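After the structure tokens below, expect a handful of questions from me.
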Amino acid sequence: MCGIVGIFGHPEASTLAYLGLYALQHRGQESTGIVTATGETFHRQAGMGLVADVFSRDVLDRLPGECAIGHVRYSTSGDSSAINVQPFLLQHHRGPISIAHNGNLVNAAEVRTELESEGSIFQTTSDTETILHLAAKAPQADVVDALVDSLRRLRGAYSLVTMVAGRLIAARDPLGFRPLSIGRVDGAWVLASETCVFDLLGAEYVRDLERGEVVVIDVAGLHSLKPFAAERPAPCFFEHVYFSRPDSMLFGESVQGVRKTLGERLFAEHPADVDVVVPVPDSGIYAAMGYARAADLPFEMGLVRNHYVGRTFIEPTQQIRNFGVRIKLNPVKAILRDKRIALIDDSIVRGTTSKKIVQLCRDAGAKEVHVRISCPPTIGPCHYGIDTPLAEELIAARQNVESIRDFVQADSVGYLSFEGMIAAAGVQQGEICGACWTDEQPVSLPYDRAQQLGLFEKARR
Amino acid sequence: MCGIVGIFGHPEASTLAYLGLYALQHRGQESTGIVTATGETFHRQAGMGLVADVFSRDVLDRLPGECAIGHVRYSTSGDSSAINVQPFLLQHHRGPISIAHNGNLVNAAEVRTELESEGSIFQTTSDTETILHLAAKAPQADVVDALVDSLRRLRGAYSLVTMVAGRLIAARDPLGFRPLSIGRVDGAWVLASETCVFDLLGAEYVRDLERGEVVVIDVAGLHSLKPFAAERPAPCFFEHVYFSRPDSMLFGESVQGVRKTLGERLFAEHPADVDVVVPVPDSGIYAAMGYARAADLPFEMGLVRNHYVGRTFIEPTQQIRNFGVRIKLNPVKAILRDKRIALIDDSIVRGTTSKKIVQLCRDAGAKEVHVRISCPPTIGPCHYGIDTPLAEELIAARQNVESIRDFVQADSVGYLSFEGMIAAAGVQQGEICGACWTDEQPVSLPYDRAQQLGLFEKARR
Amino acid sequence: MCGIVGIFGHPEASTLAYLGLYALQHRGQESTGIVTATGETFHRQAGMGLVADVFSRDVLDRLPGECAIGHVRYSTSGDSSAINVQPFLLQHHRGPISIAHNGNLVNAAEVRTELESEGSIFQTTSDTETILHLAAKAPQADVVDALVDSLRRLRGAYSLVTMVAGRLIAARDPLGFRPLSIGRVDGAWVLASETCVFDLLGAEYVRDLERGEVVVIDVAGLHSLKPFAAERPAPCFFEHVYFSRPDSMLFGESVQGVRKTLGERLFAEHPADVDVVVPVPDSGIYAAMGYARAADLPFEMGLVRNHYVGRTFIEPTQQIRNFGVRIKLNPVKAILRDKRIALIDDSIVRGTTSKKIVQLCRDAGAKEVHVRISCPPTIGPCHYGIDTPLAEELIAARQNVESIRDFVQADSVGYLSFEGMIAAAGVQQGEICGACWTDEQPVSLPYDRAQQLGLFEKARR
Amino acid sequence: MCGIVGIFGHPEASTLAYLGLYALQHRGQESTGIVTATGETFHRQAGMGLVADVFSRDVLDRLPGECAIGHVRYSTSGDSSAINVQPFLLQHHRGPISIAHNGNLVNAAEVRTELESEGSIFQTTSDTETILHLAAKAPQADVVDALVDSLRRLRGAYSLVTMVAGRLIAARDPLGFRPLSIGRVDGAWVLASETCVFDLLGAEYVRDLERGEVVVIDVAGLHSLKPFAAERPAPCFFEHVYFSRPDSMLFGESVQGVRKTLGERLFAEHPADVDVVVPVPDSGIYAAMGYARAADLPFEMGLVRNHYVGRTFIEPTQQIRNFGVRIKLNPVKAILRDKRIALIDDSIVRGTTSKKIVQLCRDAGAKEVHVRISCPPTIGPCHYGIDTPLAEELIAARQNVESIRDFVQADSVGYLSFEGMIAAAGVQQGEICGACWTDEQPVSLPYDRAQQLGLFEKARR
């Protein structure tokens, strides 16, 4: 779960990168950083926290140069520390190189072990660093060739931006798990994980990077390479369901539009005899709008989210929790009292949060609570960059829908079917990655999956 | 624009106060503080910034005691500085006293001048401190009597909580401009500006403080006094329109419900021949839902708000602004393109922001933009605690609706009538304060209004 | 124990004040502050810590104006907190007023109680604030008259600088306990506790403030007032023995020169049959030089002081202490081994430190340790601004010299006589304050001395 | 210019390391750090600033474990930044390894270039990191063997401590440029650059590491290796003259004693017909004591040093400088006026500081100023770890003594001869390194000396 941005050819590159990261904040709230280049001198500012916490006018002023890359990150549990904050900036014999990466490399652990036994010294516990060490040892004279050579040895998901003196390089893996788009503004090039960045910057959307494409931007313009063998497409559908911003265009479709269609299909598959349709904010809002429209029922904000909840929130003590503090969601009694409600959300993970929300609605007076989920049951972890828990923690990996209904104490539970889901975006099975719902993995995983998920935890300093 | 909270009789009083302020964060994002008492020893932690910035577990741990008061504040321009962060904590000859105040005292400047000429030394530039100096000089032996005596000399709006050793005192002015409610949780008393605090704490709502009521809470329970002469009621209706949280109950009504009714009446008074109803988020959402429902039109989130916008956001340079950066609101082209829209908001202040939003919608492809406002034109400043600009900055103070329409470049503009507005809450003129729309002031103002608004600016250190 | 400085008429007044405080750092390491004035606008920067910790170029840049006062402070135990950091800056009806005070007012507690009962609200627990409240209530129109009126009601030690719009005011109490000198540099006036400030600034020493003199500096120059009745002189002799810097001129004499004479007289009164004279650094160095010269013995730095010891030093745990850590003083075995030494210091307070130092010398191989003290036994606390412990903690208040020798485990102990001490500076008894050695108090103390020493501890927030 | 410390086998290893660094603060005030180990988990705390700034009780509490190494550092110009703060802590395939190094490797730049071309990625611009990369690539299974193998490839000065899981390793280069001593306290082993650490800790001095010795400490005790071919001895004599603490024993001699002898010989070679001997504090104090004793003249502190001068001192503006501010040294007029003085210092570097001090003495009234230096003229830079300027900046590299006298405006200048200097410590030429005075280099330098001095500046991020 990360967002990346790249700027080439603008006198205020760091400010544009900052604004871009700001628009991508939903893709990672744990840490952020920007690296800029003035000739061969690179400048880096990065830290734990939100974009607005890490950057100030003073900090941006320490980032001169017309070329910049940036990163926001939400780490998977275990390797969350300052040393892993991206973009990374290293020196190798070809000069300074900086990288920002979205995705997850499935064979990074085994490649790292091999490199370390040959004397390479790693600075982080992140899979991303493996790319740089491979490139440092690659025999090619030019850094782009060395980078392509490195990526050939790696499997998994990567949308990345790399900066060397005078050039900005972007790459998307051959299966195209994660998005990466190209835009232009004020004569400059902009690369970004999502198109909402272009809207914020007032930039023009040019096109998406293709699967397996490597793009090199220099003063002569944009050069496209296709150095990898063709593979099946596997764009992550969960980006549509939950992860991307509703105002982005993703893989050619409006995220907001797809979500409303998911809601409409959800009603068609699982209607409910209720008085009112209530979303779990913010993620369930658009599916709920679609559901309400299809059902011709009132759409009501029966749960209000507290938008000031941030990373620094102090959890109340157990004693206070016991009398029922509601930190993130506040039920609106005036709406819920004596009503039968359809409660629309995008997923049930462990089931514990859903259970609390159902209870919250009942305490506020709801007579019936019918849970409707705008995608199929989540049965497996994601190996390509989304922070889904391991299978043993996923309620749907162990229990059927009726057991889940019983656990969350709802009057009924309905999940959208896989076919219904992908139809909402007009795609076929085999054209997307839906491994978290089907366990059908688009790339071969290492024998020991757990090792791959744990990543380099053993190597942590 | 402030929010206050008081806790009496809970071992984790400071944590409850923290959670209460958290729920009231929308009432003031500039500074916050908590004071607690252990016997005669008072503890204060306060600072500039959001509740989540100022408080941490460590900071709360430095606030022991079973009694606490707290404050969030958005200062009017001019006296925004650390010395004015509430709650104030002072020593006087009766011992320590702490106060948190919501509202604005209209004769504070003249009383202050008088006190200073007698040798009183003020520490802040806030009207609130006047109450404490009056009390320090009052002849009564008991601090409650001294406080009541002081309040008799002051005119204007005050909902306040005061803490002295062993007692929590709350007061609401005789006209009842600002809200203040009483709740109970886990055996403790809770006082709060809005009822959403009780929902967050899992507390039970008991009742509102009455107009002109003074409440003293000690170990023997709650004691109610009515020391002031009766006056007309003047609860601020702008709390309903904009300021209070949608999930609060205000002056006996659901804020969310009133806002939807405002939207329904707005459609009745100013229908629009459009394809879709779009709110200006977040404040216009509920009125837009009412409008859409009354109009039987689709309600769509055609503008998306970036929720990470905070106090520390770095404004882009003029050069970047020029190519159209959209920091706070992002228009969704997929919704707006080729559509006629009704754009629902709660007010037009200077007109410049509304103009930008209309332009944003047009740039995203909207064919027609019909602006609808869920209250009457704002023609005057507020003297009772809301940070409305001076009349000379208010577009509706100088221009008629057609001029405003021309300025904001909308296809049409419609304001809800005053009668329509108050009918939405089932009240009569004379039962509320609507001075910002009518200039009918419920209390007499000093001859030099400007002085009162400027407050103690001259006294600023 | 404080140091004060005032600057009038220099475009970089705050930087001069900073440099002055820097030279006075030995007079107080706990907190420091500077207040400057530009017309009627006053600016204050202050904090806990050393001058170099509190001030930076940025902080000084926030202190514009041609007039400045500054303060360094070491608080007596009990009232050490940020609220008491001087200079104080207050608003009263005559405008802003700022004050920095060195000394101790013996009747401040009783005056404060009286003022509070009349409604004055104090902000600090310091005796200094009393002066300002008295002035605020004084009937005189002009602030200088009001200030003089206030000082007439107070007894004790004060050397102070006060700043009001357009004027710098300095005053020294009628007995002249603490020093205060006038200098000029680059056309500007400089006031400072010690003349070493003038040396650092390259300023010319003009003269000392006289006892009971009030000086007003404005654009027309320096005006001298003598508003108080004549009293006996009582300059603090402990300033010569220990407190002032060796490179200052104090009450007309060179501090370094007086200390060497003290050492010479100490040898005359208490010779020792030793091999080498060793000072306890840094305070005993000059007396040791005088002693060695008079004795015609080698002067050796047998104890080395670690100059990086600062406020933030982390005390080792008890376990580590037990094996003998020496934080502040390191004995030099090459010098002390097998030697008979005269160990010269300026005082024995509780005796525990002296005992440790004697042991340190013995552990390093000293055969005999003869302790020589360059003043008489300290038998009482100081009521005029030096942080001496209460009598019950002073070893010389309870024990004779032989008992002290036994306690510190020295081979012999010799104190300089009172007569010998004052003769070193060419003064007579009755011309100085030596109350800590004689308990003869130059001003009458309140009945309850302990209350006066505890000051306003009860009032602490 | 660095200091190092190592602790093995104490439950409060980090606190002992802290105290040790504290005693070594004079060897480096720019940055400091400590690394500790609990089994295979290493903990690091480090930062820019003094030991007392970087460490607090909280910080030490985050450094558990019975084994610790620490470092203080003053960087040569150019590579002063946070990334170079030692001890370094890295992961390689044999596990975590941490290193702290005092000295300078003369062939590090060429070895680094070679390693980088093979794919090694360096994290710092320090020569020290080269040791770790060589060890990471060395074929030996055990880390001690790999480390020895690495050191064989490097030339120059190193006294270092290295920590791996379960072992503390120390090494001193075959010529023995820098000191390193072994001590014991409370059952634990202590390694330190200077013996003053043992005094502070109350530890027993055991012995110095021999030249070319490698020591491995584990739970079985201390094991000594001698893996390198024999070379001539080259302990740095400037450590005696200036760098080491006066209370340390260095290469078997008392530093303080050697300095006094230097002063005595200086008088023998360059007597002066003066009234008083005045040291430039603090470095000239002991030589001045020796000079005064040999001359039978009074020793006087005619210049007082301000001990609060720290890293954060704010330089006054040019305007203020012009009227003669004296920040670091204050002349004592009472001593200097109308006197002929011998001014004793340990070196003249660029000449500009000496010139200012001479002027300072004359301004204070000195009639004659005779400068005496306790070592020969400094004619070349140090390649082994002392931060001496390049030859072109050294006044004695370009000018004879008479020109220097003219430049500093002294009445006479006298330098101690090389022979006189080394005789003071009872050593012969060829038994020490005196390259800064003779340009006779004990190890062969790379062809391009400047490159070696500039170190890895090109590689700086």
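Lettered A, B, C and D in written order, each chain numbered from 1.
Heads up, the rule we're going with is that a contact is a pair of C-beta atoms (placed from the backbone, for glycine too) under 8 Å apart; a residue touches a chain by one contact, two chains touch by 3 or more.
Everything numeric in this text was worked out from a predicted model, so none of it was measured.
Q: Through how few touching steps can chain B be joined to chain D?
A: 2
Q: For the interfaces B-C and C-D, which has the higher count of C-beta pairs in contact?
A: C-D
Q: Averaging each chain's C-alpha atoms to get its centre, pick out the one most distant from chain C.
A: A
Q: Provide the C-alpha centroid distance between chain B and chain C, rounded to the nearest whole angstrom.
A: 51
Q: Give, as an integer number of Å, the spacing between the C-alpha centres of chain D and chain C.
A: 37
Q: Two or more other chains touching the same residue: where does that happen in chain B?
A: Residues of chain B never touch two or more of the other chains.
Q: Which residues of chain C touch chain B in their complex?
A: Result: residues 42, 44, 89-93, 96, 113, 116-123, 132-133, 136-138, 459, 461 of chain C touch chain B.
Q: Would you mind writing out the residues of chain A in touch with chain B in their complex?
A: Answer in residue numbers: 11-12, 15-16, 18-19, 22-23, 25, 50-53, 55-57, 60, 185-186, 196, 199-202, 245-247, 249, 254, 256-257, 282, 285-286, 289, 293, 298-301, 304, 306-308, 310, 312-314, 316-317, 319-320, 323-327, 330-332, 334-335.
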